[in-house]
Amino acid sequence: MTVAARDMNDTILRVDRLRVAYDHPLGAVRAVDEVSFSLRPHERFGLAGESGSGKSTMSLAILRMIKPPGRIEGGEVWLGDIALSTLSADAMRALRLAGIAMVPQGSMNSLNPVVRIRDQIRDALADHGLTPGRRALDERVAGLLTQVGLPADVAGKYPHELSGGMKQRACIAIAICLRPKVIIADEPTSALDVVVQKQVMQTLGRVQQDLGAAIILVGHDMGLMAQFVDRLGIMYAGRLVEVAPIRTIITAPRHPYTRMLIDSLPSLDHRGGLRGIPGLAPLLRELPAGCAFHPRCPQAVERCRTEKPAVRPMGPDATVACHLA
Amino acid sequence: MRRYLRRNTSLMVGLVLLGLLALFMIVGALTVDTSNAQALSVPALQPPSWDYPFGTDRQGRDLLAVMVAGTPLTLRIGFIAGFFGVGIGAVLAFTAAYYRGWVDTVIRGVADIGLTVPGLLVLIIIAVSIKSLLTVNEMALIVASLAWLNPTRTIRSQVLTLRERGFVEIARLNGLSGPEIIFQELMPNLLPYLAATLVASVSSAILASVGLEVLGLGPVEAPTLGMTLYWVNFNAAIINGWWWWWLAPLVVILVVFLGLFFLTVGLDEIANPRLRRAA
Amino acid sequence: MSALIELRTVGKTFSGGKVALEDVSLALQEDQPRFIAVVGESGSGKTTLARLLLGMIEPTTGTVRYRGEDLAGLSGARRNAFRREVQAVFQDPYEVYNPFYRVDHVLTTPVRKFRLAATRTEGRGLIEAALRSVGLRPEEILGRYPHQLSGGQRQRIMVARALLLRPRLIVADEPVSMVDASLRATILSSLRRLHEEMRISILYITHDLATAYQVADSIIVLYRAAVAEAGHVERVVKAPLHPYTQLLIGSIPLVSTERSWVEDKPAAGRPGGAGCHFADRCPSAMDHCLSAAPSLFQVAPDHAAACFLRADAPALAEGALSSVLG
């Protein structure tokens, strides 16, 4: 999935120094700390991180769906040339699904169990002012179902009548019904088995290509990222510690955390020692001074203990936040 | 603790109301002559005055003394019946829910049948059948006989959910036996819920006893709150305009029920973290 | 000598008709500690297998035997002995802790119930040693409540708990699937070390073939209640025989610069009858596959597959599954 040369300079989505905090009785916690990245049209961008990294907060923040006690503290998200923070609540609502759509984790929680699939799509369209007549709706739904590889009879079914993979594809169908420019897929396959996961991801990829949309894939499965995305951002303790083309991340990672993460993944090539990353990810409300990764970093030097590394560009597509890179 | 009370207003209000009641009873016991709660002690039908702050009734009882003497009696009935109810109910509930099978079917069946029978009716029948004059303790036992039905059901459903939790399996792997699991693993998690159920049970026991007493089926010689209302009714105090006679017991009963109600709501919030308002 | 634990033609059907496991026989010997991975998707029967081995449910057909005795009939001292020798680690590191108690409770209870120590101090020593052997520092763990520790720490405490009793077999049901990727390797390595140093057999149940490949010696692949393939992990992963195993391996997203996800071969499209459970999805399904269920054919001393494509190999004798597991 290469990105055409003429798209190199366009960005469809730009996140600029976004900061999200949660108010905790013991003090505010910074869940997303000055994260910046841009997304090109047609691009597949991955956002990887473990628990506590802030990646799930990121997808909610881009859609401006952070609820109290969380709040967006600062920074901006640009869709094309619209700054999302300047939109009214109604305008933002209109933008969700039509401009930026989300395929959420756990379709069990996002599909209304008492509403048929056709009607859920109808509701999504109606929320955006589109009320096609019965025939037009049926055609539209049939078209969407074909796009995601589901048989036409799914339209009249309830979510519990569908398997996990089918439910997730139904969620994709809803997400694309208004032809968004950006799709955020937040761990879309975590509850699915490996065989179904592949089918759903292939569906997602095909759909993205047909629409000419850009995708942000949020997750923790590095294998999935390796097979699906063009560029990958790695999050740790709320910061984007490295961004690079996926090839670079796998073969020549710059940040020690990325390096150790890749090393810790089990391969199917040969059986060798399994290596984990020692220590624990820090609690967001008890971040160490300096670089948040330094207690676990084998290459940490004195500077890492006192000075937080700034995010530095490493070429047109890459950034890294490390004193030693 | 104080910070939590400020957030859990129901708990705070409940504790304050019951605290005031306790204060009233304690100070009252020390300052008021409770022998005046018996008939023919003081001049009859006096409206409230400095001598008789709550007034007096037709049989010559000092109503302040009646309140001071009667409130603890009513509460005692409630507590005995409530504790009995939840005690028996909890034992039955844990047994039924943990062991399932026929034990569960039997206990559940008896409780369900019992719950469909109108409780007050049964209590009336029992009270009427006892020929001799009732004492306060006997009253408590009568109410207790039905008080275990609802707690059995509600505690059972809580235990049913709890027993599916992973830590019960681990407890089994750790070698704990059934009763040990019930006492050591399940019960501690239900303490807040049991406390809330207890308070609710006490409240409904008091209601049942007051109901019986108003009908004249209570301990006639005792100056309980319900009996006072019975006399109010018997003597047509409302029509006769002796407003102080029914106001006093009414206010006390109100304080008791409101206090217990808010306490239940407050305890419920502790027991069910989902009800807690976000910090 | 009778096996430590043995499933003899065990089947389990749940009320409502769902067949969870069909005709599985497996024997684990005490003197031959093994690290076996049981791989399958949800609905394959792998969790049912674990619960049968742990005595948490009873089989509908066949028997589960502990040292020759039927597990269903055990009680009292014999059951206690079984508990000491067969222990478990479960998937969810949050659910397995009683929120009322500190994490010490889950470690002190078995010491107390199984009388592992004569004095409090001795017991404490055992607990601290167990914690250290899984890479935890006792001073950071003991005295804390579960919600104060991370998922990885909680899961390691559970491994330490399973260890305390010095069991002969630990059944680990998806022990790392709810733990961060960077910690998985640490926890699995400690299980591997336990197997090698203390000669404990480990049954590692998972859907993640990659970790199974890394940490186990032999593997059983389950598909819809039956054994599809079994053997040494190098053979099964590098040269899978059963079309399902091939599909499984082909679907795993590899962390490599090669895009390995290829289009699946379409199914030969005949919905199932009484035959092989995989027939409706199998690209190589033959008519024979719809009418009869294949038994395990032993293609090599350490590799067998339940597929008619391998029918030229000798059929594995009933109950001899363990022999291909090395």
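Note that the chains take the letters A, B and C in the order they are written out, and that residue 1 is the start of every chain.
In the analysis below, contacts are C-beta pairs under 8 Å (C-beta built on N, C-alpha and C of every residue); 3 or more make two chains touch, one makes a residue touch a chain.
Since the structure is predicted, the reported quantities are computational estimates derived from the model, not experimental observations.
Chemist: As a test of whether you follow the contact definition, which chain pair has the most C-beta contact pairs?
Modeler: Looking at every pair of chains, the most contacts join A-C.
Chemist: Please flag the chain sitting at the greatest distance from subunit A, going by CA centroids.
Modeler: B
Chemist: Any idea how many Å lie between the Cα centroids of subunit A and subunit B?
Modeler: 55
Chemist: Rounded to a whole Å, what is the gap between the Cα centroids of subunit A and subunit C?
Modeler: The answer is 33 Å.
Chemist: Report the inter-chain centroid distance for subunit B and subunit C in whole angstrom, where each centroid is the mean of the CA atoms.
Modeler: Distance between chain centres: 53 Å.
Chemist: Show the residues in subunit A shared as contacts by 2 or more other chains, in ascending order.
Modeler: Residues: none.
Chemist: Quick check: in the complex, which residue numbers of subunit B touch subunit C?
Modeler: Touching subunit C from subunit B are residues 165-167, 169-176, 185, 188-189.
Chemist: With touch defined as at the start, can you tell me which subunit A residues reach subunit C in the complex?
Modeler: Residues of subunit A touching subunit C: 50-51, 193-195, 197-199, 201-202, 220-224, 226-228, 246-247, 250-251, 260-262, 264-268, 271-278, 280-281.
Chemist: Could you pull out which subunit C residues touch subunit B in their complex?
Modeler: Residues 54, 56, 80, 83, 87-88, 90, 92, 95-101, 106, 109-110, 113-114, 158, 161 of subunit C touch subunit B in their complex.
Chemist: Going by the contact rule set out above, which residues of subunit C touch subunit A in the complex?
Modeler: 41-42, 150-153, 180-189, 192, 207-211, 213-215, 233-234, 237, 247-249, 251-257, 259-261, 264
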